[in-house]
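Both complexes below contain chain A, partnered by chain B and then by chain C.
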Partner chain A sequence: MATARPAVQDRARPLDVSTRLGNWLRRIPPAAWGVGFLLLILPAFANDFILVQVFGWSLILGMIALSLMFLAGYGGMVSLVQMTVAGCAGYMLAIFGTSAIASISLGWPWWLAVLTAILIATLFGTLSGALAVRTAGIYTIMITLAIAAAFFYFTRQNYTIFNGFSGFNGVRPPVVLGVDWRQPTPFYYLTLVCAALSYAAVLYVSRSPFGLALQGTRDNPRRMAALGFNVTAHRIAAYTFASVFAAVAGILLVWLNSQISPGTAGIGPVIDVLVIAVVGGLGSPIGPFIGAIIYVVLRTFALDALVAVGLDGARFQLLIGLGFLAIVFFSPDGVLGLWERARNRWRHRQDVMRIGEETR
Partner chain B sequence: MLLLWLVFAIWPESFEDAFGRKKIFLNALLNGITLGALYFLVASGFTLIFGLMRNVNLAHGSLYLLGGYIGFEIAEWTGSWLFSFVVAFVAVALVGIVLQYVVFRRMEGQELRQTLVTIGISIVLADLMLWTWGGDFYQILTPEWLSGPVETFFVTAIRSSGEPVYLTYPFVRLLILLASLILGIGMWLVLGRTRIGVLIRAGVDDRDMLAASGVRIQLVFLGVFAFGAGLAGMAGVVGGTFQSLAPGEDIRFLLASLVVVIVGGMGSIPGAALGAVLIGLAEQFGSVYVPTYAVVFTFLIMVLVLAFRPQGLLSNR
Partner chain C sequence: MATSVAERLHAASTASALELRGVTRMFGALAALTDVTLSVRPGERRALLGSNGAGKTTLFNCITGDFPPTSGTIRFFGEDITGFPPHERIRRGLRRTYQISLLFAGLSVLDNVYLACRGVSRARFSLLRPRRDDTLVQTADDLVEAVHLSAVKNQKVAELAHGQQRQLEIALALAGAPRFILFDEPAAGLSPAERRELIAILTGLPEHIGYIIIEHDMDVALRVVESVAIMHNGRIFKEGPPEEIENDPEVQELYLGGGHG
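Moving on, here comes the complex of A and B:
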C-alpha cells in the first residue's frame, strides 16, 4: 500500500484553499498551459470544418477512448463496450428527446432526455461491467466484444424501439441561454469543456483513494482482497465511472452527426476506439486524445494523401491497420511511450556529452 | 423425452396451431445443428489455439474468410469441390505458421499484446481481402453429386390419404454435419489417445514443465496453430458452400466462435461442440420463432452461462 500514502498525507496536513490551489496549479506543466491556451483560442483562426469535424470529433472520440483507457490503464480491464455505452446514450437521447422519427421519439425536454440517456447508458455500462468482471484478463476483451456485437445486431434488427437499420436522424443540440449549440463555435466549446472535465475527473479519480485501490486491484487482486478491499465492487464502480463520460461523449457524438444508426456503435467503431486508445498510449489519460487526433486526421486526410501518392483512397483501413500493428509491435505504450523514450534518449545523450566535456 | 417426442411424433392439430407446422420446427432443428457443425469447425481451432498458447486469436474470423475465398478460387479453377478443401486447409495453415513463427513467438506470454496484434492483423487482412475480392457475395457451388435434397426418415405430417410425408433436406448439409462429427471425434481421439495428444494436453496444463522435460514446445505450438488455422480455412469453404462469402463474414464468425467458446469453456473441444450446437440452435430457432430477437437469444445464453458458470459449461479449469 505504499502507493496510497501520499494521498493520506495530503489529507492529514490541512492547507488553506489558496495554497492548495497554488500548489495544484504549479503542478501543471507549461506544455499543458500552452495546449490549453491554443485549444481555447482555436476558433479565432480555424475554419468551421477543422473546428467541428476535426477537433470536435477528436475530442469526442478521445473521451470514449479515455473511458477505455481508464478501465485498461488503471483497472487492467480492456473493455470494448465503451463505444457501445456511447451508442446507447445516443440512442436513448434520440428515443426520449426529439428526432425526425416522430413515431418513436418521445419528445421530452432536452435536459430531461440528456439526463435520462446518461443514466440509462451508465446503467448499461455498469451491467456490462458486472458481467465482464466475472472473468478476468483476456476474457474481458472477448466478453465485452460479444456484448458490443449483441447491441449492434439488436439495434439493427429491432424496429419498434431502435428503428432498425436506418436509426434516427434529425437529433439536434438545443438552443439554450440564447445560444444555438449547433453552431460550430459553441459546439466546439461544448465538446472542449466536456472533454476537459472528463480528463480532469480521470486525473482526480486516479489519485483518489478509490483510484489507487483500483490500481492495486490491477496489480495484485489477491493481495487487495486479502487487505479487505472488495475487488469486484471496485471494478464495477470503475465501469460505472468510465461509462458516465462515455455516455456524455455519446450524446455529443449524436449531436455532431445529428443522427445515430447501428453502424455508429458497430464492430468497426468499437475496434477503432481500442486502436485510438492503444495508439495514443494506455499509460496516461492524455494518450487517448492524442490517439484520437491522429486517427481523425488520418481518417479525414488519408484519402487525399493516398490518392496523391497514386494509391487507392479506399485503402484507408489498411493504413490504419498497419499503423496500429507497427505501434503495437514497436511501442506497446503507444505514441506517448515513443515520445518518452525519444526524450530520454536525447537527455541521456546530453548527459553523456556533458560528462564527456567535463572529463576532458 | 420431450425433444424426442417433438421430433418423431406426428404433431396433433392443436399443437400445430400453437407452434406452427412441424416441418418448420424440424427444419429449424436441422439447420441449427448443421450451423452448429460449422461453428464447431471454426471454434474448435480457436479454442485449441487458446487452450495451448493462451493466445486469443482475434484474426481467426479473417482466416475463416480467407479460406473461403481461396476455396472459391480453387473450386472455380479446377472445378473440384473436395480439392478446394485441401488447398484451403493447407494455404490457411501456412498463413497460420507464418503468423505463429513471425509474430506470436516474439511476444509469448504477453496476452494483451498478442490480442492487440491479432486485431491489427484482422484489420489488415480484411482490407486486403476487400481489395482482392471486392464487396460482392461469393458462393461456392455445390458439386452435382451432392446438390439437391434427400428424403430423411422424419415424418412431418400425414397426408389425407394416409401416407406419411417425409422431410426433405439438402444432402450437402447432412454430409457436412457428418464430416464435422467425424472430425470432432477424431480430434477427441487424437487428443486422448496419441502421443501428440498427450503433448498438447500436457502443454495446456503446464507449458513450462513440458518445455523443461525436453519437448520442443515451439514445434508443438507451430503444429497446433497450423492445424487450428487450417480448420478455420476449411470451415470457410464449408461456410462458402452453404452460406455465402462477403466482407463482414469474418467478424460474424469471429464473434460466433467467441460466444461458442465462452459458453462451452475455453480450450475444451467437447465444450466447443456443445457451445456450437447450442448457439446454432438458438440462432435458428430464434430467427424462425422470434425474428427480431434472435441475437438476444444467443446473447442470453452467454449471459446465463457467465452468471452461473463463468468458466464455461464444460471447462475443467
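Moving on, here comes the complex of A and C:
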C-alpha cells in the first residue's frame, strides 16, 4: 500500500451527514459485518453455557486485554496492572453494593455502586500509571506487576474491608427495566454491547489528536516534547482512558461469577491477560478479543480433550502454555499477524496470476 | 518587582531573543560546553560553525531542554527558561530541527505536521477526531505546501526520500507561531538542487523569526545569515559578520584547516 490511512483528511468540501455515514459504513469490511451479525443472533442457536461461559467470559477478558492492548500497542507501555484495575472495580462494586457478606457491603443502589466502582478503579489505574510512566520496557512491567501483586496480597490479608481469603459472593446483576440481567441471554447482550462500545472507542480514539499523540510518544518521545507535548501527562492520561473499560469489564466479571475473591486478580490471571493480548496480537484492537476466545476455548475444553485421549485432565494448563509458545514462536505479532501474512500471500498470488494472464 | 504588564512587555521587547550566560554542560568529567555566553537579537540569523565535537549540538540540546545545562542561565525573550521542561520552551515559541531526522515514520506527512500544529495549540488531549474543515488541518496543509511536500502529503514518512524527510523536519519546526528556530545541519545529505530549495525556504521565512543554524556547507551557511559564531572545544571561539570570520586568520587556521586561504 502506497498511502497511509491518514487521520487528517484532505481539505475537502464539508459533506452532509448522510454521505459521511454512508462512506463510513462502506469502509467496514464484509467480514466484520458477518461476525457482528453472528454475534447478534448467537442466542438463537447457542446454549446457555456457550453463551455466558464461553462468549460472555471471552468478551469480558477481551475488554481487559483491550485495555492492555491500548497501552502497549499505541503507547508502548506493557502494563500488567489492567487485570488488577478490573479486580478493584469488582471489589468496589461488592463493597458499595449488595453481596452475601452483609456485614461489609454497604447496599447502595446498583447504579451508584457501579459508578463509584468504575470511578475508584479508574483512579487506581491512573495512579498506577503515574508511578509507571517514568520507566520504560522491563521496568514498567516490573512496577505494574509489583502493584498487581501488592493488591492481591492486600486483599487476601485484609478482612475488615476486603473479607480476606473468601472475598465476596452473591454479587448479582440487578433487575432493570423489567429485564433480569442475570439471565443468560440478557447478560450476553450486556457484555456484547459493553465490548463493542470499548472496541469502537479504542478504534475511534486511535485516530484522534490524543491517540495520534500517544502513538507519537511511543515512536519518538523526544520529538514529541520538542513539538510542545507533555509526554508524561499524555502517558498518564492513556492509563486513565484504558482503565475505564478495564473497570467496566471488572463489573461484568463479578456479575458473571456472582463472586470476587483475591484469586480473581491474582498473579495467574494478571499474566493470562498479557498472554491473551500477545496471542491475539497487539497491532489492532480486535486482537485481544481473538486472543480471549482462544484462551477461553482452550481453558474450557482442554480438560475434556486431554481426558478423551487418556491423559490427566489436570494438565490443561500445559496445553494452554504449549499453544501460547507455538503462536509466539511462529508469529511474534500474534494470530492477527498470522492472518495478515496469509492474506498478503494470497493477494500477492492473485496479483501474480492476474499479471500473468494480462501479459499472455 | 518587575511584574506589571507594561514592564513585562517592555522587558520582552528590549530583551534578546536568546541569551545564554555561563552555560556549562558536563558529561561526567568531560566538559562538552564551558562557560558559553551568547546573545541573539529577535529576528537575527546566525550560523554556528565548528569542527565535530565542538559542542554545537550539545548547545542546542541545552537550549531546548533535551538535557539541561550543568550550570548557567538561558533566557528566551527575557524569560528565564533554564529549569523549564522541553515542551514548555516549545510552547513559548522556541523550535528546533534535528541533525538526524526525528519523525514519526509510521504516520503520513500530513499527520506529522498536524501533530506539530496540535502540540503548540489547545486540545492536545482531545478525544474527538478532527473535522475535515478543522482550521488546524488547514494550517497543516498550508505548511506542507510551504515546504513543497503537497504531492506526497498522504504518504507514510518511511516511504519518503531523504531530502523530503529533511524538508518535513523543517515543516515541524515551523508549526504554530515560532519566534526562534534552531536548525541542526538542515542541509546534511541534500543534493545541490535540494540545497537551493532549502536556501529558498530559509531566506523566505518571515523577518521576525530569527534562527541559529549549524551547517558545515559554507555556501549554504554564509548565504542565509548575518552573523557567525565559531565554537571550539565547547567554547565560543569567535563571533562576527560572515566576511570578517571568513577572512580571520585564526579561524582559517582552526576551522578551515590551515592552508585554505
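Basically, the second predicted complex is superposed on the first by the 339 of 360 C-alpha atoms of A that agree within 3 Å, B and C clash if a C-alpha of one lies under 4 Å from a C-alpha of the other, contacts with A are read in each partner's own complex, and residues count from 1 in each chain.
Following the convention adopted for this analysis, a contact is a pair of C-beta atoms (placed from the backbone, for glycine too) under 8 Å apart; a residue touches a chain by one contact, two chains touch by 3 or more.
The structure displayed is predicted, hence computed values, not measured ones.
Look at A:135: by the touch rule set out above, it reaches chain B but stays clear of chain C.
Of the two partner chains, neither chain B nor chain C is touched by A:307. Of the two partner chains, chain B is the only one touched by A:321; chain C is not. In the superposition on chain A, A:176 contacts neither chain B nor chain C.
In the superposition on chain A, A:145 contacts chain B only, with no contact to chain C. Once the two complexes are laid over each other on the shared chain, residue contacts for A:228 go to chain C alone; chain B is not touched. Of the two partner chains placed by the overlay, neither chain B nor chain C lies in contact with A:38. Once chain A of one complex is fitted onto chain A of the other, the partner contacts of A:237 are limited to chain C, with no touch recorded for chain B. Within chain A, not a single residue is touched by chain B in the first complex and by chain C in the second.
Listing the residues of chain B that touch chain A in their complex gives 54, 56, 58, 110-113, 115-117, 119-121, 123-124, 126-128, 130-131, 251, 255, 258-259, 261-262, 266, 291-296, 298-299, 302-303, 306-307, 310-311. The touching residues of chain A, when paired with chain C in their complex, are 2-12, 14-15, 204-205, 207-213, 215-216, 219-220, 222-231, 234, 237, 241. Interface of chain A with chain B (complex): residues 78, 131, 134-135, 137-139, 141-143, 145-147, 149-150, 153-154, 157-160, 267, 271, 274-275, 278, 312, 314-315, 317-318, 320-322, 324-325, 328-329, 332.
On the side of chain C, the complex with chain A involves touching residues 64-66, 85-87, 90-91, 95-96, 98, 102-108, 110-111, 114-116, 118-120, 123-134, 137-138, 140-141, 153-156, 159, 172, 175-176.
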